[in-house]
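Below are two complexes that have subunit A in common, paired first with subunit B and then with subunit C.
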Partner chain A sequence: MNDKIEAKNLSAQLQFRALGNPPSTLPNSAISNCCPGLEMDFRNAWKRIFVGIELHESSNFVVKVDPSAPELHELANNYQLMKVQGVPVMATATGPLIPDGPNVPLPDSDGDDALIPLEWSNVLAGVIYNSAGKLVECEFQSMDPPVRNLAFNLRVRNFFENAVIARDLLKPGELTQSLCSPWQNDYRECGCFYWAASRPDYVNVELSEDGNSIGHNWMQRDRTPETAKVYVSDDFLDERLLSYNDLFNGWEKALRFVIGNEDEPPIDGGPKK
Partner chain B sequence: MLVQIQSANPAPSLEHRPSNFHLFDTGFGHHVLMVNGSRIFSIGADVAAQLGSAGDEIGVMQELGIYASPYIDDSVPSNLPVRSLSLAVAQKCNLACTYCYAQQGDFGGAPKEMPVEVADRSVDLLFSDAQAGERVHLSFLGGEPLTSRTVLRRATERAARIAASKRVHVGFSITTNGTLLTPEDGDFFEEHRFAVTVSLDGLETAHNALRPFKGGQPTFQRVLARVEPLLKLQRRMQVSVRATVTPLIRSLPETLNAFVELGFHSVGFSPLLSSSSGADEMTKEELRSMLKGMIACGEEFERRLYSGQRYPFLNMTNALQQLHQGSHRPYPCGAGAGYFGVSASGELFACHRFVEDPGGLLGDVDSGPDRSRQTAWLTERHVHRQEPCQSCWARYLCGGGCHHEVISRGRPACDYIRGWLDYCLQAYMRLLHECPEYFRPCAT
Partner chain C sequence: MRRKIAEIRLLPPLAIARLGSSPYPLVNYELKTPNDTGPRRIVPAPTIRVTRTTGHAELKTPKLPIEFRDPAGRIRPVAPFLELWMRFEGEQNLQPFTIDTLRSLRLSPASIRWRGHVENLKILRRTGDEKDRIKAETRPFSDHKVHELRGKCPNFLKGKSVPLGSLQYIVPSAELSGIRLRFTPAGGHVYGPPPSKADKDPLIKAAVYDGQKGSWKRYSEPTDTSQAPNQGRFLTSPPLIFAGETLDAGQPKQRLRSWGYFDDECDGIVEAELRLGSHSLFAFARIVAGPPTFAPDSLPIRSVADELEQAMFGPNVDKATLLEAAEIVRCALETVRLMNTAEMNQEGMARADTDIVKRALEPIFEPSVADSVAIRARHERILLALESGSLAWFARMLRHYDEVADFSTLGRRKMPGLMRGADGMHMALTRRQVSKIQKAAKSY
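Let's look at the complex of A and B:
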């Protein structure tokens, strides 16, 4: 019957669930957020907020430039958006390096201070509120040495079309294209213990009287009782850990439930060392 | 463009059942207002028939996909920051309006003027919880606030200074009888972007009968002469009319048109439901007549909009904005929540109308809101506690009606309010179809 019902005002549009969509497609009943989410990856909504360029959804890299705007073409050479209207959209990550330690700039994998993109819904809220349809100064920096800086006045797209995200910002399918895939890549990559609501990490743990512990990384291939209990950190190279291919080909055999802190017995046919 | 403006219903629907939705028709088809969340849908004839026969059955709404869990529950907001104050800078007036809630300006006591120290402390209270980027509002009422011009100006300038230093947005407004306005007032209001509301209760005959000077002399021509320089001056300020409607107003469309042509920024009507003297209160019969006049004004608004003209009929512009957003609220206004009326002696009342009324006393400017009294007030005034609002489809658009009027006289205007909203819903659907650009944000 929904095909004969059309949401007209803004509150109706916000709440309306299209025919065939499950309840989780409504923002207020979904886990969708910016990290990236279970039902949609909201970060995609910001990729085309500036006319003439397209940004990567999880960083501020310019990934596409409008072919009809030759003055912007240099931006396709590994440039990152750094500031909008003088306001930084990147920040140095700080925090304690050891438990209860002081907040210090955190290093990236090269040992430099880590620069992280700020969450766009917050950092660009003022831009869409005050400057939709207007030109704003955007500052970019080349990530390849030598460091080069460029600035352009780019027009801000309207974010909303009535109560919903404007068509110019998203193509069909883009809101879900970068979703987390928990049984595949993201069980390896996601270290935030967010999955769903948190995945096992440190398993088969034995506590000693002095408060220390030993155990296995849940992503280790071999977690039998005989396997030495040494937590293997993931450097994406160590073959003792499950690979992406292992997960793509047989996640249901490789990953096991953890009950009472103990692994389920291994399933025949699972990935071996 | 030919749009059938005349209501598709033969007469405005005054019925108020069922209570969870309201069906209405236009030349563009069938529509429904879902009371919960004030959501508006266009629907097919079969859906309209299904809803019409189902009454308030939730199962049918769920099946249709238009049921939603309640947007408004019984909970009462707590620890609300003060966001808006109206200062009764003068509890005195030079007019003797027959119906005045302030009883000719002095609220039933000796005439008073707010000491500057009280005004200062009021302004300080207004900014006490305001953070950078937030908005607060300071208004001046009375009595006639321009009989206490010095206090008004000092409070305004103090608020402007604090707002600048705290980077808080402050808005100013004044409601005046207009008889004391000067060109210098205009300059001051223009400088501070005031919303100036002038009380004009109809055209000359009606206005003079209701709003004479204390000596009995007429005021209409005096007000127009005093307002004229402000109308010419207004750029940053907005000079509007608020007309209290009594049986003395002969024609609302004629009145509206006359004020629009004089150059007022907007014109709004409000029926006299509660008169301190009991005189000139609108009866149900007179409210039926007023509804016809309001709809005639609304239809003129529609005609003007279709031909690309601005027509500043405030009741209509407010209603359309609220319907488009899907405004839904458990209270009719912010009275006693984020808004208080400050008496000349510095007590906080639920709003400007409750000044000196012990039933509306909710704190003072030194200590701020009395949280226990405020909670009791908001609990008592919640629309879920009002009858017959529980069974009314308009309850979240109306919020239960003006607290002051309801407490003084009950709810004689429910049919009028539903009839007006029913018309506005139809007009909204027509305008959304024919003039969608009217509802687009103007940021571009």
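Let's look at the complex of A and C:
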């Protein structure tokens, strides 16, 4: 047991592991490329970073304005944050429209140039660190025509109270509010299989004779040493894969642990092959 | 002269619990990082075994192998402890608050009072109806009973609630003298409204939501948000991430309508109050309940710890060790070893780029180099040869945070590859992680 931590050593407090707590209780076990996330949607931590407004958890839209700040009320009429201290918080998507074509601005679903809001964690990293408690210039633009531009000096909230995410930044329930409902949906429908620690994708992998890998999809029902190693591509209609219903009422016996690259054997009472 | 306590704190500041319906929580273990590129080893570590009925606890070290589920096949929940720490006036250091501290202050364990407040806002986040707020609070308590976090909601059926976990103040003892609270999460169940036709919905644990009072069962989102821009701006990102059925399939105004399902995840705050007669001191920490780690010997390449560290210390480091850089590379290896990179290269990520921004549909990497075994081998070589210049190469290959919307052939091949970030674009590490790798690369 640790017997002393310097009160100013917030890093040690952030990483503190209490006696008896497994490593999976620590923040380094929780993914933060949240789209929307598994343990929590950490994007929610930024939405109240500027005093007076509330931003969408995953975008630069202003979704609420503090009623006690009448000078900001116009921002409640569909505005988005464009720059903070002169730094753009959006980037234009560029790339080829045809294979091997030139890199050009890519269109969004409306046919306009796709302007992508950058994640707050990175784009605001300097502001949060250097300007916590201070006023910073924030530039906004209306989302509906005619285009209107507004600028306000907004105060940056302190992110922490000691080493805890500050109370006025995040209310109970908000860290998990934008996750899948129910959470099992994320295991079935998300097309991103890189959350290996929580949700493995490719298991029982070995090298085939042609030099490429073979193995099973972690969502395959039939995964035994005898099962042919053919990866079944994700398709929620494919009955060889676990279904939503398998997960809603039987996730504990349907989802199997993978430890040391070893796939856990099928669980009694789990879904049928 | 009796010393005065200047402040108290609860540690860890953010404790992650993991769902499971077993009544027997997961024991403690360590992740031992090997010298080679193999998986981390899971080895037993001192475990606090709590008697739920009394709150008494003892310290035991479990045997190998660590059992992640009980003999009935149920998953063992991860139920973290939160410790109370304190600082005396005039001192720089925090130290554990123990029964000895209590004695020195002529206080008893009952001088500590706890309370918890968690919520599940998944329905409210979608419907916007304040009556869809699921809230669980304990009364302040100083006893050692289990205090249920019972989630109540105005739009539930009369008398219904959902268990969101529980809190228990552990009895301090000579062996375990620290003051600690345990958060045990819920079972990971699905709840919903009563079915319209059948007597019982076999997919849910219990019918608790009143579809007559609340709109969650009727709630829908357009599958093409450009059809409803005003609603689309406020949907979750990604949208449509709830259980439901498609209405008007194949039509431009196709929508996903909710079945009214939700779960027992939650997050919130636990608070400790130290009552000192004339006044009280307070401390709080955050708790979250999420799904288990199904590959518990692996860690994610970009984690909540990285976000917190960057928020606290900024985007740049002055120096970094090879060990810090190696840990990032190891986490990347742990991700690719359980990921079908060839599939993501041709379909998953590649197709999503076309769906999101109409980029030409092409594999991201040359298919001949994107196979999982080949990519794993490349990461292993980098990890084994960090000091020989491979770290400098790796640092040059990293995607910067403002390059995430670069869908050019070279832009998509930057590292981390084949992964999506929190903005839905190709993933960048935190600027601080990038800075660490760059600084470590310069030093070696």
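For this structure, a couple of remarks:
Operating definition for what follows: the second predicted complex is superposed on the first by the 149 of 273 C-alpha atoms of A that agree within 3 Å, B and C clash if a C-alpha of one lies under 4 Å from a C-alpha of the other, contacts with A are read in each partner's own complex, and residues count from 1 in each chain.
By definition in this document, a contact is a pair of C-beta atoms (placed from the backbone, for glycine too) under 8 Å apart; a residue touches a chain by one contact, two chains touch by 3 or more.
As the structure is a prediction and not an experimental result, all values here were calculated from the model.
In the superposition on chain A, contact of A:8 is made with both subunit B and subunit C. In the superposition on chain A, A:232 makes contact with neither subunit B nor subunit C.
In the superposition on chain A, A:150 makes contact with neither subunit B nor subunit C. If you count the residues of subunit A touched by subunit B and by subunit C, you find the higher number for C. Shared-chain residue A:158: touches subunit B; no touch with subunit C.
Judged by the touch definition given at the top, the superposed model places A:51 against neither subunit B nor subunit C.
Applying the stated contact rule after C-alpha superposition, one finds that A:253 touches subunit C and leaves subunit B untouched.
In the superposition on chain A, contact of A:133 is made with subunit B only, not with subunit C.
When the two complexes are overlaid on their common chain A, residue A:166 makes contact with neither subunit B nor subunit C. Overlap of the subunit B and subunit C interfaces on subunit A comprises residues 1-2, 4-8, 10-11, 14-17, 19, 129, 160. Residues 31, 34, 37-44, 46-47, 50, 63-66, 68, 323-326, 328, 428-429, 432, 441, 443-444 of subunit B are the ones that touch subunit A when the two sit in their complex.
On the subunit A side of its complex with subunit B, the touching residues are 1-2, 4-12, 14-17, 19, 129, 132-133, 158, 160.
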